[in-house]
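Each of the next two complexes has chain A plus one more chain, namely chain B in the first and chain C in the second.
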Partner chain A sequence: MDEKILEIKDLTVSFGENRVIEDVSFSIKRGEVTALVGESGSGKTMTALSILDLLPDTACRRKGEILFDGKNIFDLGPEELRDMRGNAIAMVFQEPFTALNPVIRIGRQIAEAVSAHGICPRSEVRERIKESLSTVRLPEETVYQYPHELSGGMRQRVMLSMALSCDPAILILDEPTTALDVSIQKHILDLIRHIQKDRQLTVLFITHDFSVVRTIADKVCVMRRGRVVEQGAKEDVLGEPACEYTRQLIACIPVLGDKRERLPVVDG
Partner chain B sequence: MKTRLFFGITIIIVMALMAVFAPFIASNDPEAMDLSAESRLQPPSAEHLLGTDNLGRDVFSRMVYGARVSLSVGFIAVGISLGIGVFLGAVSGYYGGRVDAVIMRFVEVMYCFPTLFLIMIVIAFLGPDIVNVMVVIGITSWTGLCRLVRAEFLTLRERDFVHAARVQGVSDMRVIFRHILPNAMGPVYVSVTLSVGAAILVESALSFLGLGVQIPTPSWGNILSAGKNYIDYAWWLTLFPGLAILIAVLSFNLVGESLRDMLDPRLSGRG
Partner chain C sequence: MGKYILKRLLLIIPMLIGISFILFVVMHIAPGDPTSVKYGLNPDISESARSNFNKIYGLDRPVLVQYATWLRRFFFLDFGDSFMDGRPVISKIMSRLPATLLLQASSFLVIFCVALPIGIISAVRRGGLFDRTMTVAVFIGYALPAFWLALLLIFFLGFKLQLFPVSGMVPWYAVYIGGFARAGDLLWHLVLPVFATAFGGVAALSRYSRSSMIEAMGQNYVLTARAKGLSERRVILVHALRNALLPIITIMGLTLPGLISGSFIFETIFAWPGMGRLGYEAIMNYDYPVVMGVAVISTFLTLLGIFLSDIAYAAADPRIRYETRRT
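Presenting the complex of A and B:
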């Protein structure tokens, strides 16, 4: 199980003169949950989009390589890339309210992902959609609903079921719980953890919240201003953070019964 | 606002039914002539509801058959311009960059031509014929629609659900036509309805000038045109086709504008 499925080497991305990611290197092992932690603007989402080669094309220069199963994804042609997205690497976005198409029924939206890759014959698509809805514990009738009829938590479940419908090798979750309220967050996190255990999924979990990291991650990678400042096993990073920045972030987790007037401020 | 929409739609439906069931509604053969003095240029009567023209043909029957021509030219011409405009606008807005620049410069060139003259030049080469008229109106009137669709795509392509679809590996054409286009249709409906009215007007103008639908096939424009020589003593030959054109264009505009008010909440309270 120690095999590296994704390896990012010296990734640098810049918009004009502005470097948003600098020399980022880390790797993800099969079946492991890696948390990518950092503040807003630290380059977490840009790193994730680079993995799918979906960076905005506005004056964007990149260096380094991203190896997926030993192949550099920057060398792939458009068709190979399209086939990789969703099929091999799937992603769930932060905002469940805007990530679903308002005019298409849920069933059709999930079907898009399944049929885009021709994973199963047409006659089985329907079965497959039902199955993927049941893994995220949504009722079958959801197929006939429009996104506006669902709550935020339900929509995020739909997003998750879409991402899972193609059995991806890697699942990227970009702040999947940030837009949800705390109780729903817990449900979704439990669900993600359950599915991850169940299927031995490889997950890249992007978040800014160390309390989430604590519950879900195996490995942690801390980013700040586009650079990786610290990485290692969860126990090491959370237990004995080597970097001052990580310590400050951890200190920001509010604890029940905490008597502090203000939370400490991180100097980003 | 609702009454305008209702009024417009009712008239359009009545005209459409008239066009479809023309053979059952028309009291006479629209092309049958009767050159005897007592049946030429007769004013409206029980026998000839809207009178007869200089060749003794029944104007009411000609108007009913003319509705066929005028409406089908309107719809088919707009159908052609819809196809071209939506496709080029969608591609232009979605891909941006060089593709967008090329298509938009082409649109600007098309914009520079006065449409009616462009149509007349093309008709002069191809010869006047109902099919040519439809095609030519269609391929000269898509530019506005193209810009409209492009503008919608420019904002929609940055939306999260588009990124989400691309992340799933959905192909570009599917993203454009299945994911983005349905979200961009609101303003398109409005524009299409207004264009049908405009196309009917262009067809009438062409037929009036003798460049559109050719005699003896009746169209509102050429009935009007034939009647203008007798305007001093046969008012019914110009009044009724003129009214028909006016009412048709007016009702398409009424529908188009009330649709616009309904689909654009920013305008509500004004109409």
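Presenting the complex of A and C:
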């Protein structure tokens, strides 16, 4: 299990002259959970979108490559790229309230993901949707519902089931719990951890929260101002952070019984 | 949903009564009266003949009393008789309504079928050659007075190039040609009036659908759809368009009043034998019963159009559906 499934090399992305990602390099191993940590604006989401080649039109990729299974995804044709998205690499977004289409039933939205890649015959699509809903512990009837009828946590489960419906090789989770309230966060996190263990999933977990990193990650990659400032095994990074910035971030985790009046200010 | 529809339908009645009252009062406040047109130009008509006319049609009574009389008959769909030729107003309108509905429906269809693709393509290829060309064309379309455009069309396409008939709907020779040829001839007569009436609507709606599409395409669910690996075609035509259509439905409902009031002008310019032209002639002749009849029918059509667009909106947007869901 030491095989690199995804490798990002010297990725640089800019909006105009403003470089939001600079010389980012890291790799993801099969079956591992890699946490990409950093503050807002540190380039985490842009890195994730680069992996799917779904950067906004205004963004410009200056250099670098992303190797998935040894092939550079920027060399893929539009059709190969389309088939890769959702099928090989799936992504769950931060905002479950806006990430689902409000006028299409849940069942249909999941079905689209399944049938876009022709991974199972038409007659089995229904069965597969039910299965993926039960994986995230949603009732079968959810297929007939519209997004506005579901709570934030349920919507995020739908997103998760949609992402899992094609059995992706890599699952990218972009702050999947940030928009949810705290009690739901724990449920979703537990669910993700359970599914990950169960299926030996390869996960890229984007977060700004070191307490989440502690529970879920195998490997940590810290980003600041578009650059990777530190990476390594979770124990090393959390135990003995080499970088001052990482230390500051870790110091910001509030602990129960904390007597501090103010959290330390991080020099972002 | 059924209850909501019924409620909205019943609401049309008080609205219609209120609007008809305002129309009636405004019409009577306007300077001039039927006798001044019918008898004013003839010096031989005596004062007694005038007052006799007023008496016969009840024009000597207070406006409110006249309105009450009008309203009572209106409930039995009786709009009275025309001052001009004594024919019942309802039969005059009914003979003109099909021509108007044909023109309106064609314009409506053209607006929808032309403006929507323009809007979608402009939004998808934003900033491209097509988008920029259309932006200029649309602003020219906005700025052109439509009646002037109608006159230009008549002059160049109708008179100079002789491509299309300049006026009318069914020419004298129509009775001599077969069914298909007659239908073709009708379409041929429709071209210029539809072009003129639809032009402003196409300009406006293509702009609305462009901005509506651009907004929808920037939404997170479109990113989700792309990340699922859907084809670009599906992302645009299913995910973005279905959401972009919602505001467009409302706007389509709002273009109806413009089309109907426009019919007064365009039916007159193109000598189209419709209700608008009937109304225009009635106004010029102070033919009160016909004016009221045309105005009320136009109001009703407008209210009906807005009602239909509300229903369509409710049907298209699950968030405001009133039915109980299947679970």
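The definition used in the following text is that the second predicted complex is superposed on the first by the 266 of 268 C-alpha atoms of A that agree within 3 Å, B and C clash if a C-alpha of one lies under 4 Å from a C-alpha of the other, contacts with A are read in each partner's own complex, and residues count from 1 in each chain.
Simple rule for what comes next: a contact is a pair of C-beta atoms (placed from the backbone, for glycine too) under 8 Å apart; a residue touches a chain by one contact, two chains touch by 3 or more.
Everything numeric in this text was worked out from a predicted model, so none of it was measured.
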item	value
Fit or clash between chain C and chain B when superposed on chain A	clash
First (chain B), second (chain C), both or neither touched by A:Tyr144	second
Touching partner for A:Val222 - first (chain B), second (chain C), both, neither	neither
First (chain B), second (chain C), both or neither touched by A:His117	both
Contacts of A:Arg82 with chain B and chain C, given as first, second, both or neither	both
Overlap of chain C and chain B interfaces on chain A (superposed complexes)	52, 54, 82-87, 90-91, 93, 95, 98-104, 112-113, 116-117, 159, 162, 166
Interface residues, chain A side, partner chain B - complex	52, 54, 57, 82-87, 90-91, 93, 95, 98-104, 112-113, 116-117, 159, 162-163, 166
Chain A-facing residues of chain B, complex	97, 159-161, 163-171, 174, 178-179, 182-183
Sites on chain A touched by chain C in the complex	52, 54, 78, 82-87, 90-91, 93, 95, 98-105, 112-113, 116-117, 141, 144-146, 148-149, 159, 162, 166
Parts of chain C lying in touch with chain A, wherever the complex brings them together	219-221, 223-232, 234, 238-239, 242-243, 246, 316-319, 325-327
